[in-house]
Amino acid sequence: MNAKKNVTHKTLTGWARGALLLAGAAAISSPALANKANDTLVYASDSEVENISQYHNNLREGVILAHLIWDTLIYRDPKTGDYKPQLATAWKWESPTALVLDLRQGVQFQNGDKFSADDVVFTFNYVVSSESKAVTRQNTDWIKSADKLGDYKVRINLKQPFPAALEYLAGPLPIYPGAYFKKVGLDGFAKAPIGTGPYKATSVTPGQGVTMVKNTNYFKDSPQGQPKIGNIKFVIIPDPETRSAQLMTGAVDWIWRVPADQAESLKSTPKISVQSGETMRVGFVTIDAPGSSSPNSPFKDLRVRQAVNYAINRKGIADNLVRGGSKPVYTACFRTQFGCDAKVAINYDYNPAKAKELLTAAGYPNGFDTDIYAYREREFAEAIIGDLHKVGIRARLHYMKYAALQVEYRNGKTPLTFQAWGSFSMNDTSAFAGVFFKGGSDDITKDPQLRQWLEAADSSTDPAVRKANYSKALESISKQAFMAPLFSYSTFYAYNAQLKFQGYPDELPRFYEASWK
Amino acid sequence: MTTISTSPLSGSPAGSLLQATLKPVPLWRRKLNRMLGHRGLVLGAAILAIIVLAALFAPLLAPHDPYDQNVAQRLIPPIWNAQGSWEHVLGTDKLGRDYLSRLIYGARVSLIIGCAAALISGLIGTTLGVLAGYFGGRVDALISYIITTRLSMPVVLVALAMASLVGGSLKVVIILLGLLLWDRFAVVTRSATQQLRDAEFIAAAKAIGASTPYILVREILPNIMSALIVVITLEMAHAILLEATLSFLGLGVQPPTPSWGLMVSEGKSYMFFKPWVIVIPGLALAILVLAINLVGDGLRDVNAPDGRN
Amino acid sequence: MLIYLLRRLAIALCVAVTVSIVSFSLLHMSGDLATAIAGPESSAAQVEAIRVQFGLDRPMVTQYMDWLGKAVHLDFGKSFYFQGPVMEMVSERLPITMKLGGIALLLAIVVAIPLGVLAAIYRDTWLDRVALVIAVVGQAMPSFWFGLSLILIFSVTLHWLPVAGNESWENFVLPAIALGYYAMPAMMRLTRAGMLDVLGSDYIRTARAKGLSKSKVIFKHALRNAVIPVVALAAVELGFMLGGSVVIESVYSMQGLGQLAWDAISRNDYPVVQAVVLIIAMFYIGLTFLADVINALLDPRIRTR
């Protein structure tokens, strides 16, 4: 009887799977998948950027757009890691706090304006000023000002020696057209952005997406090469299953952040390619150590913070939920970042019993109620909540958009948050630990000793001194359990099999490299 | 049953025996008989009773703790699938929690919210409706105006906006729904009271000097009770569906509390490949609401048997 | 009749004003507006400057009158999140929601009225019971679940219709069914009740006695009278659909007004929420008034009041 039942079950399941695959295949063979024929690449992601200007949003979606529409002074080759000339042709440290750059001649902005030193000077002086209302200060705080030394020569003045400067100049610091920006202002710029990059934005629809067209005048000597695909369209689809469904029906050509379960199923779908890999992005829980979120915040007590670290099953989440190469993380940095010393971190193993002991010792034998805020991967947040619930920390979930969460977090109102940080793909501990512990707006711990060590590390040009200070800071963060670093993200890309696409561990899809097969 | 001859034997001993056996059946007994004869009502009441009992005895019935998550055992299919097992009869959800246990405990959330919200909105609506129906004139005009204003506000949107301000939770949902769902109570009790206002027994009560509160509570209320009970059941169902919608959108009951609406929302990511994750809680919701609606409709039919209301 | 209508119009206007007050307070309950506009990086002085610039230091009543004045001209200010005019975002999304509501209503009517008529004619037969069962079951299913189930059956398994979006007419079929199904039972019941009412009335019996054939009697006289309250209800249901579309639009990822409101709520973009609530309420009030007018025009009893 059992054998018969099993056969029936297997047959039924088989039929169900077959039906779905058939549906998927039928979907894809329909003429809707004409995007290669239209030479239009449609890519979808989950979050909209509130402002397309790279200095006014903190989202990865913004970084992708920035690399399509604008260029930076320096280009870091993702395959070799070398710095190559992009808008700047040469650079030299005049002094530890002054960097002089020679600029490329003959480059045009997408509206015809000629690129020159005026634009570089304008961009940097504008973003460091308070009127700009920039939200990415952690990327530009090291800059004091920029001076024009000639039509194609500038000097960037630093507040203090900052060895990671080149890394930042090659990353999230695009160059804006000075004259145009002054004419239309930030609002106008956000609606009709202009840059020197391989793609020009033809329309920006808030909440829906961005359409871009190939910049046929893109300067021939760019280390990025010339763009191949004629049109690119970015659409916002918040639900991961809708994104998958749109991919399967051909309405969209490329998606990412595919939940691991869906990725498994998509792998077996014909005409869709799936790529995966570990990334530099780290998921972590921030903890309100100073207790600003409520008068008698339990998190002021070290034992409670340690309990949070012992309560969460990092390996379980990494292996079963995130998958694709995800690994547990115990440091306030990613292991490939310069200065990230894994040896000094305490590896809080998964130990709910110990967590309960610590809570009881801290005076919470029956646990306590609190709040946790999150804006992404609700599933991971729920797993974390479940783990905390088990030891008695009953955290209520506040799930909201990133901009809203950032306001609450920066104002010190959040006891716990679940966030992820990709360090803007910069391989330097300053891009992670510095952001959250050096006194910037994302630093809620406000520990003066940490600040001192991190500033010393960031401003010395001697790598040994830098490493020593980073180690001290990371050790303290771990011992004091100021945060609970959890796991590294993997990402699953799924895309139209007719597309030639290469993903990199820095989590920056380079559509300007992509082409049709 | 003994055959009864219809000869007029009232005076004789046989006659008084006849009288004794033919004692008039009391009203409540007659109503009960009518209710038991109404198939929809009986069916609805039976289903409702099962669900209520399941909710009450959840700790005894549920095989596991609904909060017990085990990420290594995610998304195990139910027993009728090849990979299912008796360990988790209805499988596990995306965090490895036992589905059946969450289903049973989810009934609690739905029932608590249904009852509490219906109670609060019932209190508000009945008060407004009775006052409007009894006093008429300016009071009626004012209350009718309030009702119309409330009807013009899109309930779901206002509930969402309010919930996002204070954050979703069981308490918040109950209060919000209680404050928003009173309109039908007001409308129905108002028209029922209006019909009673000029009745003789009210005039009689006034004549013997009964105070207004007394009349309202002791005379009017019991007589509109039948209409009121119908509305209570319908609004309970309404509240349950609205909570499910709010939880589905993320602003109702928060995880890890089991709520059927939340379970559908949680299962949405997998519905293409593992449809049971949304079919089961959705079906549970539909059955519960159906049962309540059957009871409500049945009660309405029993009290106003010409089938048109 | 004119007096009746004028009275209803006056009430509608008063209700509109009240709703606008409620909607206005939504915005101001959300916390310090000046800080929200200025952004998290700003200093206290900048926040103060913003407060003065936007007139947030004036008394509430003045602010309300100012807002109301602008709202009447359809100027709802700028979104907190996107820095663009709210009205632009609204006018992009409104047609989609209207289209969805209109099609949903049409579907509901096309099913409800014939079903109700048949249920009335063949009262207490299996047809009547089936219609009642459909009605009762229709009201028991959560709309989001029904919507998801439709996707599961018709998009994923049968692949007859697309999953999400709002480009072509095919995208509207499933959401319209999901949205309209909820309105159908009430209209069906009303039709049935109305038909039963009219079929048993003296008027119809007289017509029958005159010798008019049965179907003529039904379709000419009875239906017309029975349909009056249904049309009025339909107008009201359309109003409900506009308000309740947020769920369906969320399930089908349609860029309608409901989805806009939902997005705005989740990122605390209160000017947008305020505008959407007000606009939907205005539509509802307008549609209810329309229902009153229809009632007055078609029902001879009201006409002579």
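The letters A, B and C name the chains in turn, as written, and every chain counts its residues from 1.
Criterion: contacts are C-beta pairs under 8 Å (C-beta built on N, C-alpha and C of every residue); 3 or more make two chains touch, one makes a residue touch a chain.
Everything quoted here is computed from the prediction, not taken from an experiment.
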Most contacted chain pair (by C-beta pair count): B-C
Chain located farthest away, centre of subunit A as origin (C-alpha): B
Most central chain, Cα average position: C
Centre distance in Å when subunit A and subunit C are each reduced to the mean of their C-alpha atoms: 40
Geometric centre distance via CA averages, subunit C-subunit B, whole Å: 25
Inter-centroid spacing, subunit B versus subunit A (mean Cα positions, whole Å): 48
Two or more partner chains touched - positions in subunit A: 20, 239, 245, 400
Touching two or more other chains - residues of subunit B: 164, 250, 268, 271-272
Of all residues in subunit C, the ones touching two or more other chains: 156, 266, 268
In the complex with subunit C, residue positions of subunit A that touch it: 19-20, 23, 26-27, 50-51, 130, 133-135, 137, 187, 190-191, 206-208, 237-239, 242, 245-246, 249, 251, 400-401, 403-404, 406-407, 410-411, 441
Interfacial residue positions of subunit C with respect to subunit B in the complex: 11, 14-16, 18-19, 22, 26, 29-30, 136-137, 139-145, 148-149, 151-152, 156, 193, 196-197, 242-244, 246-247, 250, 258, 261-262, 265-266, 268, 273, 276-277, 280-281, 284-285, 288
Subunit B residues touching subunit A - in the complex, by the definition given at the top: 67-69, 71-72, 74-75, 80-82, 94-95, 97, 164, 167, 169, 250, 254-256, 266, 268-273
Residue numbers on subunit C that touch subunit A, as the complex places them: 36, 39-43, 46, 79, 81-84, 89, 155-159, 162-165, 253, 255, 260, 263, 266-268
Sites on subunit B touched by subunit C in the complex: 145, 148-149, 151-158, 160-161, 164-165, 237, 241, 244-245, 248-251, 261, 264, 268, 271-272, 275, 278-279, 282, 285-287, 289-290, 293-294, 297, 307-308
